[in-house]
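This report concerns only the one structure given below.
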Amino acid sequence: MTIRVFITGGTFDKSYDEIGGRLHFKDTHIQEMLRLGRCRVPVEVRTLMMIDSLEMTDADRELILQNCRSAVEERIVITHGTDTMTETARVLGEARLPKTIVLTGAMVPYAFGSSDGLFNLGSALSFVQALARGVYVAMNGRCFAWDDVVKNRELGVFESRR
Amino acid sequence: MTIRVFITGGTFDKSYDEIGGRLHFKDTHIQEMLRLGRCRVPVEVRTLMMIDSLEMTDADRELILQNCRSAVEERIVITHGTDTMTETARVLGEARLPKTIVLTGAMVPYAFGSSDGLFNLGSALSFVQALARGVYVAMNGRCFAWDDVVKNRELGVFESRR
Amino acid sequence: MTIRVFITGGTFDKSYDEIGGRLHFKDTHIQEMLRLGRCRVPVEVRTLMMIDSLEMTDADRELILQNCRSAVEERIVITHGTDTMTETARVLGEARLPKTIVLTGAMVPYAFGSSDGLFNLGSALSFVQALARGVYVAMNGRCFAWDDVVKNRELGVFESRR
Amino acid sequence: MTIRVFITGGTFDKSYDEIGGRLHFKDTHIQEMLRLGRCRVPVEVRTLMMIDSLEMTDADRELILQNCRSAVEERIVITHGTDTMTETARVLGEARLPKTIVLTGAMVPYAFGSSDGLFNLGSALSFVQALARGVYVAMNGRCFAWDDVVKNRELGVFESRR
């Protein structure tokens, strides 16, 4: 069973620009993270975009949906900025594809020593193998159905709507 | 849903002894790892032993089994050395407790920068929430039933017996 | 011989703001770095400001100079943003205090795994012990006199003016 | 001014053997450390041996001495295990070469997240540029002349003999 991984950017993949002195997007860290986790599950990675999720448009979400639809794999992990992760989850969830799709991200860029990224990636790759068809958000050890999750922006955590 | 975590030692928790210049066991790194992963799932941690799994005796395995049996939680993660992880899984599996139990560990100590420990912990805490009753070994993104896993010692990887 | 360390901020001490999703200043990392380096030289740390060196004013530089002048220690390390490090070095150099003063910083925040900060701190604490009175900039293994250093902004490196 | 770096092994360069589950020597980490420190000083690295300094023989020390003698560079850093660093320093010191030689190492392997190695390397490369001819031991921010240093094995620190 091969898992498809789509990269869209987000905090997860922010790098530090030494010359400009600020965070920016360069390359994804996913290959390095899979190597560190010594991941033994077959994974196919494709970068769809490298953007801050606050800048993600309807067209971008449509592109993500089309890629999920046309992927031959039935199990898909999407790395995504946390700010609008639940919005993309909704677009994918309403499409009711016959697939298991898990969105994940990080509160702190992977390039920081203190990142939760590796933990979340291990979590997302596991939930996607074990869960039934549907669209989910997996962050910080928890997993939410797409229609039952909201980001608490003050605390920086994901919560059930109920 | 609270997850019970039992610590038994293994590579996962080896530390570097600065004075003696060798690896040894001191304290578990699990709390630091849960903090790094910003884990939002309620977790109760208990250290049962801190040993190399090559030194684990039948009595030690019996102790682990008794703790799994008497735990009020139905979902349990056990950190364990990789060398005899499948043996402990067998003891637990044959007991057929009405619980979901996931054993995990690391190929490289968490204290090393290059450890797979955080990835594996995120993975184990996810599989334990999503899988049906049974005993499993979760390492490096894969999850095996207790009666279908063997450690390939030359390659240092876990494989299906089939 | 006690070394005085003055903290002024800069890339060195930038942290990641999880809620806001951007770099900011919180606390200095200097104590953690001294602990990691297992520093055995007596050091007295004082935070003068926590700012980006692009925002440093003449009044800020005057404050740094006054603190260098009134310190009882004859050997002083100053952590500083790289963008205007040479300007502060000039202000201190022209004051011709009877002290050895070394400015240092980092191209990448210490909180990033890929930071040069620990290397630079070890370097600055060593140059300050070994060099004669004067004001110096120590970055990335090199040490420049205050009147012979310029930052090459395209390459992000410090160079001799000659 | 090019600095010659001789590698001899020691805690500094110990790696973790995933298959065997123990510390061993593989390759030196020095190039990675110089890259992390964004070192701008010209450095020529040569590995003389990769051993635990407890196993270092008189013949090994003679080899180190001959390499110091025949090197075209006048400034030399030697990475070395801490257990017998002061013995090698004595052999080199008594040879009274017209060079500046600094021995350094680490209390914790560089491959561990908690290593003092990068701090010590930054320190040694700085002392070697700034100090007069002679042989020195630079550890944890301090620098000792070869005939005035002893390792306190209980505390794991280097001290002046006086």
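Labels for the chains are A, B, C and D, by order of writing; each one numbers its residues from 1.
Note that a contact is a pair of C-beta atoms (placed from the backbone, for glycine too) under 8 Å apart; a residue touches a chain by one contact, two chains touch by 3 or more.
If you're wondering where the values come from, they're calculated on a predicted model, not measured in any experiment.
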Show which chains lie in contact with chain B and also with chain D.
none
What's the distance between the Cα centroids of chain C and chain D, rounded to whole Å?
26
Dist(centroid_CA(chain A), centroid_CA(chain C)) in Å evaluates to 38
Euclidean distance of C-alpha centroids - chain B vs chain C, Å:
44
What residues in chain B touch two or more of the other chains?
107, 113-114
Using the contact definition from the top, classify how the chains connect: line, ring, star, complete or other.
ring
Going by the touch rule stated at the top, which chains touch which?
A-B, A-C, B-D, C-D
For the complex, give me every residue of chain A touching chain C.
11, 16, 18-19, 21-23, 52, 83, 107-109, 111-114, 153-156
Looking at the complex, which residues from chain D come into contact with chain C?
33, 36-41, 107, 114-116, 118-127, 129-131, 138-143, 157-158
